[in-house]
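Two complexes follow with subunit A in common, the first pairing it with subunit B and the second with subunit C.
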Partner chain A sequence: MILSTFKKENQGFMRSGRIRIALLTVLLLIAVAFWISSKHYEATNRMYDSAKTSERANWDGQGEKNPHSAAHYGTYAFKPKYPLSLIDQGVDKYVGSSIFLEAHARHEAQFSEAADQTGLARFGNLSPDFILLFIMPLLIILLGYNSFTKEHEMGTITLLRSEGASFYKLALGKWLSLFFPILVITSLLFLGAGLVLSQLPDYGVFQWSALGDLYGVYLVYYIIFTNLVLFISAKSKRSGVSLVLSLSLWILSCLALPKAASNVAGHLHPYPTRQEFAAEVLKDKENGLDGHNPWNKKAQTLQAEVLAEYGVDSLHQLPFNFDAYRMQKSEEHEAEIYYKHYDKLKEQYRKQAEVYDGLAMVSPYLATRFLSMSLAHTDYATHWGFADAAEQYRVATQAFLNGNFAENSKYGEWGYRADADFWKELPPFEYDPPELSTIVSQNQRKLWVMALWCIGSFALLLFTTKKL
Partner chain B sequence: MIITDNLTKKYGGHLALDRLNLQVKEGEIYCLLGANGAGKTTTINLLLGFLEPSSGSAFINQVNVKENAQATKKFLAYIPENLMLYPSLTALENLDYFSGIAGKKLGQDELRNYLSEAGLQEEAFGRRISTYSKGMRQKVGIAIALAKHAKVLLLDEPTSGLDPQASHEFGRLLRQLSNLGVATLMATHDLFRAKEVATKIGIMKNGQLKREFYANEISLAELEETYLGLMQPKAAAL
Partner chain C sequence: MFSYNLKYELKLLWRSRWIQLLGVLLLVLIGFAVYNGQVKTDQWENSIQTAQQTLKASDAAMVKVLDSVEQGLEVSLAPWLVPTSPMAVGNVHPRVVAKDAQPLSYIATGQSDLFTPYVSPKATGDDFAIEFTEMTSPVQLLFGNFDLAFVIIYLLPLLIIAFSYHVLSAEKERGSLRILMAQPISIRQWVFQKLTLRFLVLSVLVIVAFVAVALGFGLDVWANAPSFFILIALVLTYMLFWFALVFLVNLWVGQSARNAISLLGLWIFFVLLVPSILNQIGSVLYPMPSRTQMIGQMRSLKAEATEKQDEILDNFLRDHPEYAVNDSTQKRNFYHRYVASQQLIRSELEPVVNRYTEQLQKQQDLLGNFKWLSPAIVVQQALNRLAGNSTADFLNYKFQVMGFSETWRNHLMPLLYNNQDFSQEDVPKLPVFQYQPLSSSATSALLVLLGLVVLLFGLGFGFTKRIWAS
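Let's look at the complex of A and B:
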């Protein structure tokens, strides 16, 4: 009976003009979104390649120059678009793709796509993640809202009951028939994405296993929606009621709760404003070592300590350039200040993430959204990882420059110039996003929430209704 | 095949069926006559297991309906007043599906044979049910009963709204099933059709079986007279 029902329902789907139009519309939307996204992915990564090469050429071609001038001349750390961002663009659009690295200051990522767009960007883009997260559940609703109610409305329920049809078998047959088109569409999308990504130049590490995991996350999301839509249909007396209830579930789960979650998380664990953050950093800096100010109290202490350590009376007698040494110490001190304050931000982020995890118990959308972004390397955690790697690279670059300055000149010798070839010795910036295993272990709670939703919604569908 | 033993159904204070005792044997067609609200449909719903009796028992092929309604389903077929099938499916597809529910996996030739036996024209087999008349749908219902080899057929006003020719054709099909040994219980208002097809006729009023006789023992005129006499309010009869 399960397979008969599956076959019968699919025959009904294929013969319904309403459903054929819906399926074709979704397929068309997916094709367009996918095409736009792949073009965008290619264009962004071409820009990334070009900017990275040109910026490195600028750095390498500085000619003879004082290393501290080079430190202020600075360089950039660029974030590539990772392969799975083709499917989920996550927060990439809003967080910036490059960080300016210079002496004394840690900068935020800049040049976000959203900043380059007009106010119309508020309407969002037609992207595969939009289709996957919002449109596909709507399609499930459209296909399934009257799965059971139509049996009452057409009167076929009487014949089904008289024939002794089992609710479980009927429900499983309907479940399969509702899930089948969703499975086909999702599989086509992911297979297409995999084939495209495996053909494109390798800007990041593309793994079929990561794509498979992302595919699995979305399938579980659709299983949950399929269960809930069928449950509502089984419990409703009329199709209209079922449609309204299913749409309400979609609005709450996919639109209202995520926005409410953002408000709640921001309210409970607010980030400082940019001004407050800058003021706190500045306060700590003022109380610390100033590399450019020899009369600074901490600088005086450092000077006294170094003179004592080397057993000399004058900075000129030191075997290195104390100005460069002091600047390096100042960099190290300032880096600590930045780590401290950014760690506070990250702690707020972690607490906000806990709020989202909690609310994911009410909305499967939240868990899916965050898992999807994590697997696609387009979440905040990956961005933090990139920003931290850029900061470590900045600190290492300053040590590299100050080291050259200190070792190759004497105190007060501000006219020192490093060789034109020296800059090439600086290793390029590299950042590897988290491995799949790390992502899975970092998102265990969300995976559990998804599993609970999946099992719970199945139980709701199959065990709360015994009779037709 | 069908036995009711003091079968009673109450809705709150209202007695819808009052200690009904009837028996339909193999190959018999039992027509239940009565006005609206007499208890005919309640009887059928109790036999189908759609309702639970307040007291008494119903048996289909010796299986107690209340105790094991699911087990009785494999023996019986039901055709309501308006048999509703899946409108976007063809007759063949509907028959295939409902036979599947009954656990029968039939080939296309078998399905076609059953539809033919039920009197459906071959050109209609592949047409969607949405284009069918009520009479044609009833024939698909008969085909479903034939396909599952039902031993018991329950019919609730099956000829209501059918034109005389379709109604006559339906009667012919019932007799055909009867010859195959199917026990049929048919609730109807149609005295003429009841007289034409029934083996036994029962007349119900206010949930009670008032009269019961073999169809060949009574003429249509006597049946009509008896029926109308029973339907008269007591005061008027006086």
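Let's look at the complex of A and C:
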């Protein structure tokens, strides 16, 4: 019974012109999206490599210079693209990809792609994640909205009843036949992506296991949609009604809820504006140690402490350059201030994330969206990780420069210049995105939500309807 | 027959509770959307107001310090912060250069969630590195906003589709089509009348819902009546476009479910696919140069300029003798060299930086030429313009910021190169920025939409004749 339903339904799909056109369109869209996405990926990484090399060359070739001038000249940290961003671009285009690292100030990542695009870009990009998250569920709806209703409309329900078919067997057959084409398309897509990614030499740290997890997440997402569409079809009397209901579900969970969630999260836990944030930081900085200002209160205290520690009565008698020492102390102090304020920002986002997590109970799209971005290293957390790593590197760089300045010059000797070779000793900036296991453990709540949706929707489909 | 049809249909819609359902739904959707828009606009305005107040306070403090200095008193400020130095004024007391919210800003978020309400360019800062983007959670940007534009562009067509996809097919499926065909009216005429009524009903509901929401939130509709009428006209023509599609599909397709599928296919095509494909074509034809590359160029130029700063300063002063005419000391310090180098870097980087706006402008032009491919794009653009939050508005703002930044620098530069102190009297003379919004016109959008509507109805009345005849 299950097998014959499966066969019959799939034959039906293949014979329907409407479905053939839909399948072809989806395949075509996927191909185009992949092509565009891989071009974009290659271009970005090419730029990343060249920018990284030329920036390092700028840094290394500074010549003889005062270390503090070098600190103000600064350097840049660039964010690479990760292999799975080929499938899910996540928030990448909304965050900057380069951070300026200089003395005294922590900068935000600059130049997001979205800021350089027209308003049209806000409709969405033709990228694989757009197809996977929005179009595939629509395909499920198109294939399955009339699974049960057509039996009513064509009168074949009487035939099925007369054969003594049980609802479970029929439902299972229909479920398999609906899920089968989706499974085939998704598998092809991921297999193709995997092959492409493992072939290209520059694709960095590509892992089949991460791709496999991503594949799993999307399959569960489609299983949920399959269950819900079939449930609606089984409960509706007419195909038109079933279609409109399934679509309302799609609009609600994929379009309306995420937008509403974004507004609600923003209202409840707002971010400060860029200027407010800067003003708060400045206020704390003014009350703290100013590395350039010997008249500053905290600077005076530090001076007294150091003089007492070394048992001397003038800064000139110290075995190191106190100017540089004070700058380093101030740098450490200011880094703390930045950590404090960025932690507040993170806390705001953590609260926003709770709103999203809560709403994921209503919309399976949200959980899938977040899991997919995390696995692809294109989520907000990865961006935070990058920004934090850049900040740590900035603080370490300042210590490296101030250390040289302090050791090799005397107090007040602002004319000191470090050797031209000195700059090469600074280790390069490295950032490794979180490991797969870390991502999985960080996203446990979302995984549970997905599991709950999966089980719940199966139960809904199989246990709410007993008879044909 | 017509009036009879109207009466009958109206009664039917009321008794089947369609009118009540749509009314409540519209009220809730529009209410939530306008509320969201209003909150955003308030935040935007508050942020600017706070900044203006802070600036006022800091200017007052600056005057006090200047007064003390002019009286020969000692001030407790680091020497480079004392406002007698024009560059201290230029960098520590920058002006607030704000993009004021427009009366209808709440209808469409547009690009405004990406950018800050105001910037404060410093005299020696890098113009091309002015941070226009706002500190928002990128997740929020990714999901977008539940604003009025979203309700109109995405949801309203779906309501129309759900409301009338089976006007004709339901009759067929119920078997009442035969009775209908015996009436002295053509089927096409009948469907047309039925849809006209539905359009009128929905229009009234939309207008009522909007007015109710506007009154509820205390929005001043009368003060902006012209813009408000344009908004309503846009919404109604957009609705008309979807009703025209519904009309065609009802005549051409047949079964209810098929009608629904066809209409939803069209919705996906117009609202999701065409915009994203057009966007993609735009960025393929006019690709944005890489920002990382720009950083590279800027860095190399800066490194070069630092090495040759004395030479640059000499050349600069030779080119601008007016800057140092009143100075007898000819003393040169860090800022003299730095400002001259910055000037040079700026002029050399200008073509690189302009390329971004040029490419964006070209993408925008392409969009202007092909927007008729999707009425969703036409309406999005028109609403964003009406709200003052479109790409064009932000480009305009950026140009004005660059202009003001130049004014700000030029205002202080003579003082710097003449080694003159900034004094109390100079404070009221400091330039003030006033944002000049673009004038928005929705005429072309309305014409495009109307053209599409006429085309669709023409198709409906012209071609279906043959189908029904055969």
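Keep in mind that, in the parts below, the second predicted complex is superposed on the first by the 465 of 468 C-alpha atoms of A that agree within 3 Å, B and C clash if a C-alpha of one lies under 4 Å from a C-alpha of the other, contacts with A are read in each partner's own complex, and residues count from 1 in each chain.
Methods note: a contact is a pair of C-beta atoms (placed from the backbone, for glycine too) under 8 Å apart; a residue touches a chain by one contact, two chains touch by 3 or more.
Here the structure is a predicted model, which is why all the values come from computation and not from measurement.
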item	value
Touched partner set for A:L160, first subunit B, second subunit C, both or neither	first
First, second, both or neither for A:S441, with subunit B first and subunit C second	neither
Which of subunit B and subunit C A:E55 touches, first, second, both or neither	second
Which superposed partner A:Q317 touches (first subunit B, second subunit C, both, neither)	neither
Partner with the higher number of touched subunit A residues, subunit C or subunit B	C
Which of subunit B and subunit C A:V91 touches, first, second, both or neither	second
Subunit B versus subunit C as contact partner of A:Y271, first or second or both or neither	second
Which superposed partner A:S187 touches (first subunit B, second subunit C, both, neither)	neither
Residues of subunit A that lie at the interface with subunit B and also at the interface with subunit C	none
Residues on subunit C engaged by subunit A in the complex (per definition of touch)	32, 36, 39, 43, 47, 50-51, 54, 76, 78, 110-111, 114-118, 120, 129, 131-146, 150, 154-155, 158, 162, 165-166, 256-261, 264, 268, 271-273, 275-280, 282-284, 288, 290-293, 295-296, 299-300, 302-303, 306-307, 356, 360, 363-364, 367, 376-377, 380-381, 384, 390-391
Parts of subunit B lying in touch with subunit A, wherever the complex brings them together	48, 50, 69-70, 73-74, 76-78, 80, 82-89, 93, 96-98, 100-102, 128, 141, 144, 148, 154
Complex contacts: residues of subunit A adjacent to subunit C	18, 29, 36, 43-44, 47-48, 50-51, 54-55, 58, 61-63, 73, 76, 78, 90-91, 94-98, 108, 110-126, 130, 134-135, 138, 142, 145-146, 149, 238-240, 243-244, 247-248, 251, 255-256, 258-263, 265-267, 270-277, 279, 290, 292-293, 295-296, 345, 349, 352-353, 356, 380, 383
Interface residues, subunit A side, partner subunit B - complex	1, 3-5, 7-8, 11-12, 15-16, 154-156, 158-165
